[in-house]
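Per-chain residue numbering starts at 1, and chain names A, B, C and D are given in the order in which the chains are listed.
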């Protein structure tokens, strides 16, 4: 069944829920799922609505336009998504394969409902993985001119009509031009429980600090490294038995799980960003 | 702020959400929080609505009656709760103190918003705890006439206008008359991850089976022991280092946490029972 | 560095630790890691010792023989393993790919230190996965003669010098001849938190029972289905939002993680079986 | 059964385990439990040994002295503890009761094997809790002379022969003289997952940063606030539904559990401190 999904946010005020629900009801839509959250601290209204779009009495453009009128009147920030469109995801990697294997196999199993038309890397190592799954692999080494290398990537993302960029342990800082252009469309996995251990070598630092749990954080990329809105986090318990390398190995599982979960939430249009925070709606499956 | 909370369920059909939301909107209520869930497998509609009731333009009875008209028309099962009423909770215990201490201290800290007018037991041991907190303690030993002992308890529950009975490690099976009369109003804590290890001595059996996690389950009491609707569960990781007694000790924390969480959900009117399952709505705090 | 690993168990008695430690000390071995556990409930002594074997003053056979003398004297059950031998693992699957992808990718990343010389199935579906990784795939449909089909599998396991069989969602019951012959050498993943939901369709039954967590259990296969010694378990929190299919999807992650962790413990010689329980030693990494 | 517990650490070298084990064997001690860990990254040897001391052929002083000779020879740092001595614990609190109730009730249930001869506070609020349990309560307000207030506390700790100080949400920074004098004998609970959100108001900052899990950390107090060796940590999953106050409430459970677990490990002589890290041995129960 094709669905239309609306993501809505605005300043909280009386009657918002009724107005939105009424709009769809008056157009004879069947609301499959409606989730609403008011942040009482920020006085902010958030909503996700799933409509049955399989048998519409109007065109998609008509729905868009008529909702736009309501949104203007109520001052809503909103977006509309159709589940019969498969998002196109570019995966960026460096030298490690665990997140890459994980994302591809989840996509093949249907858990991640998207297309993966290309893999991009600053190293040649992962080409063999790409070949196993017959996904085109682009290798752009970072030489003296980092700007130029990034330019090639950005050009490729456009040429391939990419909707979402996943940094699956891509160990390069992106320029602010890149993160600005792709705001809310680049998901990064950081191998620590942010905001602990921002920056490089988190497992070494976790060892030195003697923490009893290590974690991973998936977040939208922002200009300041590791400062963007967090989508998902998880941790695993560790103890004194683990060396820095042991922590790293144990952490891999956490990284895979957290990254996949964040990508899935994005693909299913369950995330709204407000300031530096995310509202991640659960979804019935 | 006083709130009115509606819990609603019915067979799923088109327009339910809009009808209910419209009702409150037309009466000028401010909807603070609206949660709706459709179980697509059971084709069942569930809803929890929180209204601002601090400045109502009608009496509580008028609200009840007018919603009743709508509910009859739409075929809703529903209940209405007011947050300015403090529920009255009776705690039943046997010989162990950990859940009892935990519930009382959470109530004193304001985490459990209720009154605890009495503690009932089939053993004298916990009277000292009751005295520390100046809560009346009733000791009814189970002698030859179990029915009579239960009769005394049930009589007391009525006399004290009890709304909820919490079995905080009360090691007696209740008669079906009791569980039937108090259906959906008795919460029990079982010291295992149900449906594993139903019945007696779960920690011993967990040891023998060599499980790697032990758990606890809070559920509404039903005629068949440990078969009622589950409200909350949790587990802790264990290993071969633990003897049956060690498992028991480690499990206590889990029992406390799970029982308190279930009682809290009940007190906050976040639970709907359907068949042998519960819908437990999260609540903004 | 090549290591020799001893796994030892016996009835507990005074001086066992000193006797064993002294033996290695007197032969000038460097003990890298020594883990000892006494089950005070069962009065049973368990031990795992890792020796530096990179520069031995005796042959492997001499070490084996001289330790055998001590073991006979002390009444030890024991085994000796060398880390420069890569165990050979056969993966058996039916129609689902998630555990298969997971095991293969972990092996490729070096997390599972073994060889995977073949994949066997009762269905043709997974051949495409096997081909991606160039692993020989054997398809033996279960026809009228189940015994014959199993015979072919067992014959193949011998021909390929297999050390460990992993049932990665292989949906067939094995005969008692098979499980007896391969006792302690077949690891199965059950898609539930055993002993809850033994047998078929655990996710459907978890839904009906309304549990708030679902889990997975990796265990050695035994004659009685799902009754063998448990190696590893884990759970994930679920709620009313999940249909039986949703539970299934969410459970996949848990299955992968639990199965991989159990296989890893086996490959690293960290498991001792006693009765129907396992001692799983943690290992420094 | 009375036990003698040795905690030992030193630079790693060949034969340490055998030397120590032999020592006890030659003195006819029964080793109940022996745990040894070598940190291969730091090249450091750690050990915990539990002896049956119920029927000793020498005095405690003789055991101490003869082991001291061995320790000098081998260059061991070590300590010896007897399980028939109940450690004396002072609890310091400010205004919140949840950790206080939790520690006291665990002590009453026998989970924390210690005496709690007094409670000290910089506020009068918790006196009512102290009275419920008939524990002497000392109220020292922090006025202009912070040094003097701390002096009174330190004097009291000596007068009461205190072995361990537990800061159960005591919201004052201690002077370096205090933490130096009581090094390794003050346990603090920090209401965040360190090193994230060091310092004040961690729940508010967790909200602003939009984290998806919040945690708690128990650590030995050191001169630099929240920088001491971590003993135990745990986290709970949170989501956008929680306001800063909601996070605080949810975090309480985590704080209680983590603090109690750390105190228990200390009371059971399971912790060795090395640099800024702890080795926390698991113990059979």
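In the analysis below, contacts are C-beta pairs under 8 Å (C-beta built on N, C-alpha and C of every residue); 3 or more make two chains touch, one makes a residue touch a chain.
Please read these numbers as outputs of a predicted model, since none were measured by experiment.
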Exercise. Copy of B-D's interface among C-D, A-C or A-B, judged by over half the contact pairs being the same?
Worked result: A-C
Exercise. Would the interface of chain A with chain B count as same or different, where same needs over half of all numbers used to appear in both copies?
Worked result: same
Exercise. Which chain is most remote from chain C in terms of Cα centres?
Worked result: B
Problem set entry | Whole-Å gap between the CA centroids of chain A and chain B | 37
Problem set entry | Centre-to-centre distance between chain C and chain B (centres being mean Cα positions), rounded to whole Å | 41
Exercise. When you check chain A against every other chain, which residues touch at least two of them?
Worked result: 37, 40, 239, 241, 243, 284
Problem set entry | Residues of chain D touching chain A in the complex | 37, 39-41, 46, 193-197, 207-213, 215, 229-235, 239-241, 243-244, 276-280
Problem set entry | Parts of chain B lying in touch with chain D, wherever the complex brings them together | 96-98, 101-102, 105, 108-109, 111, 132-133, 239, 241-243, 245-246, 249-250, 252-253, 257, 282-285
Seminar exercise, completed: Note: in the complex, chain A contacts chain B through residues 14-15, 17-18, 21-22, 24-25, 30-38, 40, 237, 284
